[in-house]
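Before anything else, here is the set of structures, which you'll find just below.
Next come two complexes built around chain A: one with chain B, the other with chain C.
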Partner chain A sequence: MAATFPTARRTAPGRSRRPSRWIAAGLLVALALAVLLVPAVVQLDQQLVDLRAANQAPSLAHPFGTDEVGRDVLLRVVYGLRVSLLIGLVAALVSVTVGTVAGLAAGTLGGTADRVIMRVVDGFNSVPHLLFGIFIVALFSPSATAVVVSVGLTHWTTAARIVRSEVLTLRARPFVDAAVSGGSGRLRIVRRHFLPHLLPHIALASVLMVPHAIWHETALSFLGLGLPPHLASLGNMINDGARSLLAGNWWASLFPGLFILVPTLAISVLVQYWRDRANPRWRSELQL
Partner chain B sequence: MLRADGITVAYGRQRVLRGADLAVAPGVVTGLAGPSGCGKSTLARVLALLLRPDAGRLTVDGAEVHRWRHRASRDLRTRVALIFQQPRLAVDPRLTLREIAAEPFHATGRPPDPAAELADDLGLTSELMVRRPHEVSDGQLQRACVARALALRPRYVICDEMTTMLDASTQAHLIARLEAYRRETGAGILAITHDEELLTRWTEPSGGPTVRMS
Partner chain C sequence: MTRALARMAAWRLAFTVPLLLAVTLGMFALAKASPFDPVRQYLGDRAVITSPEVMAQIRENWGLDRPVAEQYLTWLGNLVQGDLGDSRSMHRPVIEVIGERLGWTLLAVSCALVLMLVASLAVGALAAWRRDSWLDRLITGTAYANEAAPVFWVALLVIWLFAVRLQWLPPGGLTDPAATTLQPGDVLQHMILPVAVLAFSQSSWLLLFVRESLIATLREDFVLGARARGLRERTVVVRHALRSALLPFITLLGARIPELVTGAILVETVFSWPGVASASVQAALAADFPLLAALTLLATLAVVAGNLLADTAYVIADPRVRVLGVS
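After this line comes the complex of A and B, so read on.
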């Protein structure tokens, strides 16, 4: 019976029709392997200065060329991506955690607490967040912690809004009434009913936040405010490379730039795919 | 006695209840009838301490209620149980039937052993209890909801169109179970329905009154 119907699953997002997600997943896996394995396996010093090999164009010995003090760009890009990914992940986790707590508090407590929290959210949103982020890093000395704090404190508002609006719709559902009537306190309702329902939204918000956090890390480092200049981070490398750009040395900036673009695009493609899959209605609309 | 006096509720500018009075006596079945949209369910939520009225007073066994929902004391709000019209909406879709029926025990820190017995009584087999709401019928789900409502042995049970969506045999079974609970514990039951025949059949044995709203 079921076999006589061509089910949606078999005809829907066909492997051949949407290869982008396989490319995206493959690229992400390759980058993750490079980031994890290269520093462990390759015994080369990414900081090694070799002035005789300065500003060399891409060649077999140096596939991505060398920078103005003769460091290998490929090796440094891998190290830089490692730093940027780590900071992106931690910053995304911090911002989504802060946002979730704030959104839960606003949605669950309601009344004055809700109004105060949402006005704070509006306050944060009314300031351009890059500027505010710069203000926060300026309070610290350049370090990874400063970047994480800066991105975390400026980006929690999105997660807070998502979580609050979800809690408001959950709160009105009869099963919450039933829980209250069955003796559940606020905390138990949050733990037992709200958080499990919110988890997919929170997970999506965190994944989407990772590329954004990487952009901010690179932007801050590019401005010289993020990581200490000797540390290979993608932002620092673009900044260093920009100095020799006018001399025609395009590789020192281009490759770090591509390494920002590729993982962030890959994550977006995968998130898009996940969304289509997780929401069947959207999927059927897309198939029309 | 669960008594509501002059309850007024408005949603925004829309006034749903204007000075409603109702008393639910222990040991009998009180009927509440009225056309759709006359505020029966709203009154039920007020009686279950789930909705703060804009005016009026509610007393549970002589104690006046001043706080509602979470703010009401646990003892007071578990004294009144509410069984909803649509079991599908009244359960968390992520929990199994066993977790749903045992939830009041966990929430109040009591051992959940009687939950299995209650479920058994309501015709829920242990095979059904491990399923989630989308894997059982409305009738089976409503049985789990009744088990949950009776878990903490409430003094008053409010049945808000409890059997409207169910077939005749499930309806009869659930009502028989509630009647047995009433006789055993002397609890007061408020039967809300617009089915006149059911109302007569349910209220008659205990000789309880029927209140009509318009």
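After this line comes the complex of A and C, so read on.
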């Protein structure tokens, strides 16, 4: 904290962070390619057990080692990421769609409908999401559908809040007044004026929801309440790895977790970059 | 101030009753839609050898042959009278299970909260003070990674390092398996890892918040003034900037109860900590509706209480709300 003027000291603090978005994008592309291409080349037998190869430390033959029943961790991690990504995408789509419809209804209808919808949002937010999710999957047999329903039912409220508050600001804009004066009905205003403006916000909410949905899927599977246990999913693999952990087998737990951590971090780096770009005022404040 | 507080508390309470009713109704509807037969769940393997007459008798005893609306009202009536029913997986009254476990959860969670507050305040302030240095980068980088890392995975890695590799601390449980009585020292030793992991997992948002808030405050005129008067850097940061940067965070804390519950569920499960949060997972695995429903209601109450606490803190801390009333 010398006497130099702060802006002169650091001309562009953002500059040093710039490479991180390329690394993030590169990692995401690499993971996406792996998830798309590897299953086409190498088939995974979900039921395969090879006890002679059990609990092997990482080596050239098995770069991520093998688990307690001799399954190759690397191959299963790629398949697990595929399952988790798929469930995360579907669950994010479900929750953002429900949330958008609810938020649009609340913001457009206003009055009693708005109050009722927002009280329902408050109500859903009062039950901790994971516990609510656990409640839903516990009463239905472990399956991908149960996980998607549980994540979708618990997470639509975020999107609903964002969409509603955006609609409320849009309502006050002159072009909406003009549309109303010109005789447009509610549906037409929603379709022609609200939705196009909301799209970036909805897209951002969806992108942010995917890692969150993946987190929920893995947490439920880890607790033994998510996907069927034989299926290679990241949560199931961490759960399997936990059993051989006390025997010193760290790789069966470490690598599946890294495959949750890395895409989540990469997405948040990219989203942050996008936000900074989309909001120059905020960016300039950061550089002060 | 008291009037504003009373009005807000009354408003909150007015919202709590219908909320709890809605939660019970939702849970009951889900339980009714469930394909699982509670009698078969209760009997487990014995369901195969139990005669249909006995099963019908159990069904009748539990009132499962009644109309759904009547079942709901009976259950709700019992809840209101404090009868939470019997846990089907632990074969004991739910109230007993909760009474036995709630203390352990409160102990672990409150220790974790204190640790998290102290640590993130100190580390967040350090990062803000040394802004853009390698130390700041390390701290914020770790915080972002921690935000993205699943807590159960972090817990496993911590167990591997401290319990398996270094063998400093036990990997889980409440006491030593060989112990016959509860020794405070023994419990303390078993508490360190779960409390530390829970605190660490909850600390990222607060740490980053303290850092951002402090950086913004360090730019304010009164900080410049304090520096101009030649005060020591530590006095400026701790006594002047940190104090005013902290105001909004009090209210944020109460709103973090849902995340705390989530963290407690996962951490207690990984470390086999005998609290209520891990009981919810055991209840779920056994489709034990009475216990799971009671725990969900308990968590909902905790969230509502947290929100109330946040609003109260807000009223007390912000003079504008205090003087002009709740808007």
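Criterion: the second predicted complex is superposed on the first by the 264 of 288 C-alpha atoms of A that agree within 3 Å, B and C clash if a C-alpha of one lies under 4 Å from a C-alpha of the other, contacts with A are read in each partner's own complex, and residues count from 1 in each chain.
In this section, a contact is a pair of C-beta atoms (placed from the backbone, for glycine too) under 8 Å apart; a residue touches a chain by one contact, two chains touch by 3 or more.
Here the structure is a predicted model, which means the values were calculated and not measured.
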Chain B versus chain C as contact partner of A:P196, first or second or both or neither: first
First, second, both or neither for A:R188, with chain B first and chain C second: first
A:A61 touches, of chain B and chain C: first, second, both or neither? neither
Superposed model, chain A: greater residue contact from chain B or chain C: C
First, second, both or neither for A:V180, with chain B first and chain C second: first
Which of chain B and chain C A:P128 touches, first, second, both or neither: second
First, second, both or neither for A:L36, with chain B first and chain C second: neither
Partner chain in contact with A:A113 - chain B first, chain C second, else both or neither: neither
Which of chain B and chain C A:L223 touches, first, second, both or neither: second
On chain A, the residue positions that both chain B and chain C contact, one per complex: none
For the chain A and chain B complex, residues of the former touching the latter: 173-175, 177-186, 188, 192-193, 196-197
Complex contacts: residues of chain B adjacent to chain A: 45, 48-50, 69-70, 74, 77-78, 80-82, 84, 86, 89-92, 94, 103-104, 107-108, 145, 148, 151-152
Chain C to chain A touching residues, read off their complex: 15, 19, 22-23, 27, 30-31, 33-36, 132, 144-145, 147-150, 152-154, 156-157, 159-160, 163-165, 171, 219, 227, 233, 257-259, 261-262, 265-266, 269-270, 280-281, 283-285, 287, 289, 292, 295-296, 299-300, 303-304, 307
Footprint of chain C on chain A - complex, ascending: 1, 10, 13, 119, 122-123, 125-132, 134-141, 211, 215, 218-219, 222-225, 238, 241-242, 245-246, 248, 250, 253-254, 256-257, 260-261, 264-265, 268, 288
